[in-house]
Structures are given as C-alpha cells and as structure tokens.
Amino acid sequence: MSLLEVDHLNVWFDRGRSQVVRDLSFSIDPGQRLGLIGQSGSGKSVTALAIMGLLPESALMSGTVRFEGRRLSGAKEAELAQARGRDLTMVFQEPMTALDPTMKVGRQVAEVIRLHEESSGRETRRRVIEMLDRVGLPNPDRITDAFPHQLSGGQRQRVVLAMALMLGPRLVIADEPTTALDVTVQAQVLELLDVELAAHRAACLFISHDLAVVARVCQQVMVMLDGRVVESGPVRQVLSQPIHPYTRGLIATARLDLARPGSRLPTVEDFYAGGQL
Amino acid sequence: MRRLSLIMGLALVGLVVAAAAVSLVWTPYDPNLVRPPDRLLGPSWSHWLGTDRMGIDLLSRLMVGSRTTLMVGVIAVCLAIVVGVPLGLVSGIRRGWLSQLLLRVSDIMFALPALLLAILLVAVRGASVATATWAIGIATVPVFVRMAHAATLSVMAQDFIDAARSCGTSSAAIALRHVLPNIAPIVGVQASASFSSAILAEAGLSYLGLAAPATTPTWGRMMRDGQVDLFLTAWPALAPGLAIAVAVLGFNLLGDGLRDQLDPRLREFR
Amino acid sequence: MSVFVVEQVSRRFGRRSSRPVQALDRVDLAIEAGQRWGVVGESGSGKTTLLRLLAGLDRPSAGQIRFQDRPLDLADRSSLTRLRASVQLVFQDPQSSLDPRMRVGSIITEPLRSGPLRRSGQVPTDVKARLNEVLEAVGLPQAAARRYPHEFSGGQRQRIAIARALAPKPDILLADEPVSALDVSVRAQVLNLINDLVADMGLTLVMVSHDLTVVRHVCDHVAVLKAGRLVETGPVDQVYRRPASDYTAALLAAVPRLGDRWD
Amino acid sequence: MAIAQAIARRVGVFVLSLLGATVVVFLIVQALPGDVAQATLGMGATPEQVEALRQRWGLDRPALVRYGSWLLGLAQGDLGQSYLTGQSVSGQIAPRLAVTCWLVGLSMPIAVLASVPAGLAAAMWRRRWQGAVISSLSQIGMAAPVFFTGIVLVVVFSVRLGWLPANGYEPLLGPGGLDLAGWASHLVLPVLSLVIVQASLLSRYVRNGFVEVLAEDYLRTARAVGWTKWRALVRHGLRNAALSIVTVIALQIGAMLVGAIIVEQVFALPGLGSMLLQAVASRDLPVVQGIAVLLVVVVLAISLAADLAYVVIDPRLRSREA
C-alpha cells in the first residue's frame, strides 16, 4: 500500500478564477523520496500545502489525499492536527521567519513532543537536547535556551528540521528547504536531511526549482509546469532520457558546471517554446 | 468585502459633504429662527428630526453644523500634513542630530492630546472655533511626522534608492521623485484617519463649551444644549450625536478602504 | 590602468559602545580595466560591503580606495561625479531595486536625467534614443517602457535593472548576486545577457556571488572572502582547478551538481 | 546586563521628555501673548491695580525665573497656588484625583479583558459573518464620541428604565461610612461609556495583531507539527496581541484621559476634568497648568511602562541593544 496517495487534485485561487494545480495524481511509497521540480509559480508549494491541509481559506480544492489509507482531504482540523507532526510533517523555505521570534527554540521543539505524547519535563528536555545534537547544532544545551534571532539561518533551519523529525514521522514534505541558505550550509543541511530520512526510514516529498538539489536527495522526480505534471520517473531515467522538451530545457540549464566558461548557456526556451521568463 | 468599506465610507462622507453644500443655499427652516411655540417637538413630516428647546429645526441646524465640522477637519489636517510630512520626510532622509531632536520634540508633543492642547490654548486665549482648529492641527502634526518618518525609512531601505544614489541623484530629487510618491498613499490613509480624530476632537471641545459660542451651530454644542432636556426628550441630544458618529464612521471606513486599495506591494513598505 | 585599487580597507558597523561587526578587515585588491572579477563568499563574508564601497555608497572605516589612480573621496564632488559617471550597479533583488511607482522608461533613463551625470558630459543626451537602444540590448520590447515593474517577471525585472545600469554608458558594471534570486532555469538567460553585454561593450565587471560556478562562467578573476578577510585571489581558472585555501575548496565542493549521483 | 542597559536608556529618555513637556506646557500657558491680570480685572481696572495683581501673582518676574521656580516646586510636588482661591493646587487636586483614577482604573482593565477574545474571534472569523459583525460593532463603537455613548446609556438606563442615576457621584468612603452600592451605581454608566469606546479601539488592534500572526511563517510551522489553527493562533498570537495592546495603550493613553474628562462632564462627576474646565472658565492658570502637567506626566509614565513592557515581551529588543 502506498504511504501517500494524491488523486485528481485541483486547487484554485481567487474565487476559482485561477487554477494553480490541475488534475494532479501521484503516490509515494513508504521510505520513498520523490522530488517535485518546477519554476516558481508552477504550483509545487500549493500541492504541498494541499496535502498538509494548510491551504489558505481563500483556496478551493477538489480531489482526494490519502495517507496510509486514511483520507486527509476533507478531514476535520483537529484530526489533521493530530496527524501533522506525528505522521507527516513539513519544512518550509524561509528559516529566518519559520520560528516564533518571541519563544526560546528549545520550547518550540519541546512543544512538538508535548502535543502528541505524554512526557515529563525533564524527559522532554533531554529529548530536545538530544535531537538538537543530532541535527548538528553545537552546544545543544545552550542553543535550547536561545531565541531564534540569536541563531544563523543554517542553525534555524536545523532547529526546524529537529521539530519536523522529532517524532519520527513517516513522511517529510520539504519545500525548498535550502534555497535561502548559502551553498556550504545547503550542502550540510542536505546531507543531514539525507542521513535522518534514512535513519527514520521516512519518505520525503522534496520540492525545489533546482534539479541538482533534487538529484542529490531523491530517487524519483516529477516535473511540474503550470499546475500539471509533465514528466515523472526515476531521477536517473528522467535525467538521461527526458521525454518532455521542458524537462530537457531544465536539465540543460542546470548544467552550469559543464558549460565552457563564457560560452552561451542553453536556456529552457531553446527546448520548449511554451515557457516564458 | 474590501470594496464595501470604501464604498460605504465614500457614501457617508458624501452625505456629510452634501449636507454642508446644500446648507449654503437651502435649509428646511432658518437654522437660527427661534419659535418658542414649536419647542421640543418630536420628529414629524414638518420637522424631520424635531426641534430643540428654542424651537429651532434640528435638521436645519445639523446641516449648517456640518460646515463647521468639515472646515475644522480640513484646516487642521491640511496644517498637519503641510508641516508634518516634510519634517518626517527630511528627518527620514538626513539622519543627523537635528533630525533626532525633531523626533524627540514631536514625541513629546505626541504625549499632549489634541483636546488637552486645545483646553490649554482656550484657557489663555478664550474659546473660539479658530483656537480649537489651531490646537487640533498642531496636535496632529506629530502624528504625520512619525508616520512620514517611518514610511520614509522603509522606502529608503529599498535598493532603488541606492540605485538612484549611485547615479548621482541628489537627496532632494530622491525625496521628490522616489520617496514622496511612495509614501503619498500612506499619507492619504492617515489623513482620512486623522480627519475623523479631528472631528471627534472638535465635537468634544464644542460639547465642553470650549469651541463655538452658543449662537454658532456645531454638533458638539447642540449635544451639550440638548442634554439639558434629556428627561423630556432625547432627540435634540441624540440627533447631533448620530451625525458625528456618521461622519467619523465615514472617514474611518474611507481610510480603511483606501488602505486596502493600496497596491499590495506598497504595503510591504510599512 | 587600474580601475580600482583597494588598499588595506576595513569597514566596521555598529557603535563603539556595542560590539562592532567587522564586515571587512584590511582587504587589498587591484582591479584592472577590462577585467571581470568575481567576489565570492558566504553570507556575512563582507562581499556586498566591498561592492558598496566600490560603488561609493559607503565609506571605509580605515584604508583607502583609489579609483582610476586617484583617491576616492565621497566628500569631494568632482571625485564622486567621476565615479558616478563610469560605475553602475545591478542589485540582487529585482523586486526592491525598481521603484514600483515609476514606469520602466523613467526607471531606465533616471541616470541620464541625473544632474551631475548630465553636467559631466559623459552620458548620452538623446534620452529617447538611448532608452530604445538599451531596451533592445537587454531583449525587451519598446512597449515595456510604458509599463510598471510589477507587470514583469523576476527575470524580466533583472533585465530592466541591467538596462538602467547600461543607460549612461558606464565603463564599469558592479553586480550584487544578480542571479541568486532567480530560478535556475531563468538564471541561464540573465547570465548569457551579462556575458554578451560585458563582451560587447568592453566593460569592467565586478560581480558578487555565493556560487563559484556562476563566477567561473562569467568572470576571469576571483577574490574569495571569509568573515571580512581576503583568503584567496587569482585567475578564476586556477582557483577553480587548484584552490589554494581549504575554504575555497569547501565552497567549490558545496555547489550541487547534477552529476553527483547520476554519472 | 543588557536588560539593565535597555531600561536605563528608556528611563533617561523619559526624564528628558518630562523636562521637555514641562517647557511646552509652560510656554503655552505663560508665554503666549495676552495679559491675564488685565483680563481678570476687566477693562475698567487702573494700570496700578493691574500692576499690583501682576506682582501678587509673580507675573512681573522674567519668564525664565518663573519657569525655574515652577519646576522647583514641581519637583517637590508643589504645583503653585490658585489665582482664584489662593489655595495650593496640589491640595485641591488630591480629592478630585480619586474620581478620575476610579474611572480610568476600572475602564482600562475591563476594556482590555473584553478586547482580547473579541479581537481573536474577529481575526479567526475574518472571512465569515461572525467576524464581520464583531468588526462592525467595533467600528461603530469607535465612531461614536464618548459623550454620545454616555448620553445613549443615560437615555436607556436612567430615563427609560430608571435603573441607574444619570449623574453625580458618591465617594466609596462617604460621611456615612462605606457606601459600595451608591458608589458603584454612580460609576457604572461612566465606566461603561469609556469601556465601549476603548474596547472597540483595542479589539481592532488586537484583531490586526492576530491577523498579522496568521500570515506569519511560524504559524504555518506550528500547524505543520500538530497545532490546530485556533491553538496555534492563541499560542503564538497572544504575545503579539499583548504587543498590540501595549502599543495602543501607549498611543491612546492621552486620548483615554481626555475621554475621562469628557465623561466627567457628561455625568457631572467631580473629577480632575470638571476641575480643569472650571479653572479654564475662570482663567485660573496655575490650576490649568498644574492639571495639564499632571496629565502629561501620566501619559509619559504610561509610555515608559509600555516601552519597558516591550523590552520584557520581545526578546529581540533585549539583545539588539546589547
């Protein structure tokens, strides 16, 4: 049985006037990592929010989302909230604003435990520090008492990851988790995500505009364009034998390191006329 | 929903402005005509809102009163904008000790509510609509200094200001070409909000008997006079109160509506 | 001829009472005419601070910057005008670098209408003609001039910003992370544009980036900054192949490549 | 250490503002053109009489000297003597102060308590009719001037229903001992009028504070790890709402005091406001000046308290100044 099944998902904004996701169907098996790639505005983030039940109230949605056979779409907020954080969770792009600035980070991580499990104060603190240590934060017992603004962007993203991975969820949705980070920090965070997902045997839906980053983490990839999936398959296959011209364009533009310095870089338009800037 | 505030605001403000305009050429009765036999009449076909204790038609007097309300608001807010916005703009662009001093002084003035300032001025110069207007205007200046200063700072933090500086655009040109157009919508919203504060302040002063003499019809004064007969009839006190509420509500809604109409990308500046 | 000579330049932020931030620490750098320099480092390394110093938007706390063999003095009007007339900037965030209340045409021609630049006599005087020239150079239709920035996508806005920088015919182009706010797929177009324009107009380029592959593609020289200090400089090819410092090597290794797992 | 520094800085600003405020009040009352002595005695008075009065009131001294001695008195709690009665202004103010303190001191907490749930509900339901109703009510409460609200309350509860007195005041500790019923019945309507206006205003700010939090990334993070929308909003929004309330109180405290002055007039309460108005009517400048300074000091002190509360609530402020 699939872990996550998305069936004929459609999402509209602006009172149904603009459709952002069009008839999207896919599934993720337990432990599987699926990359979702596309330009900004292609509907990838909205897809993630729809799965989590976090779409803004103004959005309209149709289709079904099932997690381990249970319907998430249409479920009550309280029911969804129980599943979130414990069974499936999400990591967002902006580490600078993802944490409440007025609350110590240790407390924000600890709340995840207390929300879903009975745990004594001392036990909780021990687990929080252990988790902060696991995500590679130096001096975790000091950092637990720090406020978000006292940490760097990379450190904050590690805290967010700690919150997400705390209870060993079976699905982690990561929405451009490293786009806002420096390349060196990005490499470290990707490495961490890789290791932790493997350790928990967690599945992952990894969203990015950067094919190289997706290829680093995932085995499967889906290419999204204007709310539709235009191509999907194993990363290796899609990269070596892309079918859709847009995918070919994406691959070509991502290979900056192979281009001769100063030469003209291939663009998406060289392959796919429908795409604009 | 957003449009609704703007439309309702415009409608209510339009109503007040129309009443003031019409009163210049026509009112149902002479707003100063005392007719003792007609005193304290309830609303009827001949007197839509009834009459006061002197037998004067309330509607006529309300219509004439709206002129004072609008005049005080316009003068006070214009004064505050003309003085406050340039000060806030300059202090946001040139950050020296003079700007700091200016902001401190404006903060101190901010601690002095319009009505208290007016009471002080009235104590020295005697009650008049002019004194009240000046006091409300002066007390509103720091509001615009603060607002313009904060808005200027956020515009100045944008890259396009550096782009302008890096091609040699002078501070004055930056202020006029980039900052002013970008803060103008916010000034407009604030003006609408300050207009309703000014109306409330003027009404309060008149109610306390510190603005207009009894002969000049103003809404606050009418309430003060109407309160005397509260146990006989409530109309003379309630009608002008409703008029004030309508005017204030109108300008508040107009301000909200304008803010919602602001380009969403401009909202990021605040 | 040296365009910029940076001599022992430091820049501290913050007042004396509080802990000051040392954004730049005794940096030396010489940029010759026609060279294309990349300045690389993580966030907080001081790369943007260096660029702002070169652009005359900020002054060093210590040390000196020489522009065209004369000391750069922001208080001296003629020195500043010389700088402004030949140096132009492109910013990272095309959202914030274009005035939302101005039409694209006015944005692009603003440098041409600026007093000091006009008086210097070095900028084109036929504003209309120059506007059409640069619009064409960056691949935008002439109709774009009448529209507002929000009507354009991120990549197009960056083209507008480049058109504005080119309008006064500068000799030197400074670019602060010009592609890092853009999608990977749009990045290629803007890099192509910068490459073409720099080559066609013989510009001197100083480009700040956190991505060494981007720098390698566009620049011929590179300076690597770490926590305000210069750790390595040299021809880009050499630094890319045999980085002298571990820090540069780490920066290089961190860039994700498509081939990582696939090849 | 950082907190101590931040607090010291704000207290310093407070003291300077206080000095500045005394200058402003003094300048307005004393330095504006117009001869109070002449005005008091009327046009028929001889120059000698006017001169004598000026001397008695100390108006013949230079302004700077007068300011200095006034300030010196202020520092010792001495607000000078009334022109009219010759009595000490501080002594006259003391009994009046109690009424105003009750009025403001009761209204503020009630308004705050009412506005938080109202603001939260309005934010949560901002796209539904419930939210629209709350927002409309607060718009109306804000638009109606406090004396109009007061009069409406009198019309309903005193004139129609006859439940509560329309005006007057009875002290809590009257000549006949503790009189809780009498005291309370005279304060209900005045307090209610102030509460309606202030709660409307506050709930609007609280709503906006919560709406801001609704758009924050950290609220999304909280929901992604298992908070329900409501609980996440309460959890992360309360501090933000507290910041909004503190901000409004700091900004509005002047308006509130002025509101109290007007309410005292509506209900004929013998508080500071009515004393101030009598003094204005009789041009008793020392009394006017004294009450004005007292009010401004209160406003500045509340602003200081708000600033300090900010430092406590918002950790970013604490270390930014470190």
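Chains here go by letter, A, B, C and D, matching the order in which they are written, and residues are numbered from 1 within each.
The rule is simple: a residue touches a chain if its C-beta (ideal position, glycine included) is under 8 Å from a C-beta of that chain, and two chains touch if they have at least 3 such contacts.
Because the structure is predicted, anything quoted here is derived from the model rather than measured.
Touch-path distance (fewest steps) from chain A to chain D is 1. If you compare B-D with B-C, the chain pair joined by more contacting C-beta pairs is B-D. Work out the mean CA point of chain B and of chain D, and you get 21 Å between them.
Taking the mean of the C-alpha atoms as each chain's centre, chain B and chain C sit 48 Å apart.
The distance from the centre of chain C to the centre of chain D, each centre being the mean of the chain's C-alpha atoms, comes to 53 Å.
Not a single residue position of chain A touches two or more of the other chains. Residue positions of chain C touching 2 or more other chains: none. Along chain B, no residue makes contact with two or more other chains.
Listing the residues of chain C that touch chain B in their complex gives 52, 55-57, 80-81, 84-85, 87-89, 91-93, 95-102, 107, 110-111, 114-117, 150, 161, 164, 168.
The touching residues of chain C, counted against chain A in their complex, run 42-43, 153-156, 183-189, 191-192, 195-196, 199, 210-214, 216-218, 236-237, 250-251, 253-262.
The touching residues of chain B, when paired with chain C in their complex, are 158-160, 162-170, 173, 177-178, 181-182, 263, 265-266.
Residues 13, 16-17, 20-21, 24-25, 28-29, 32, 34, 36, 127, 132, 139-140, 142-148, 151-152, 154-155, 159, 166, 254-255, 257-258, 261-262, 265-266, 276-277, 279-280, 283, 285, 288, 292, 295-296, 299-300, 303 of chain D are the ones touching chain B in the complex. Those residues of chain B that touch chain D in the complex are listed here as 1, 104-105, 107-109, 111-117, 119-125, 196, 200, 203-204, 207-210, 220, 223, 227, 230-231, 234, 237-238, 241-242, 244-246, 248-249, 252-253.
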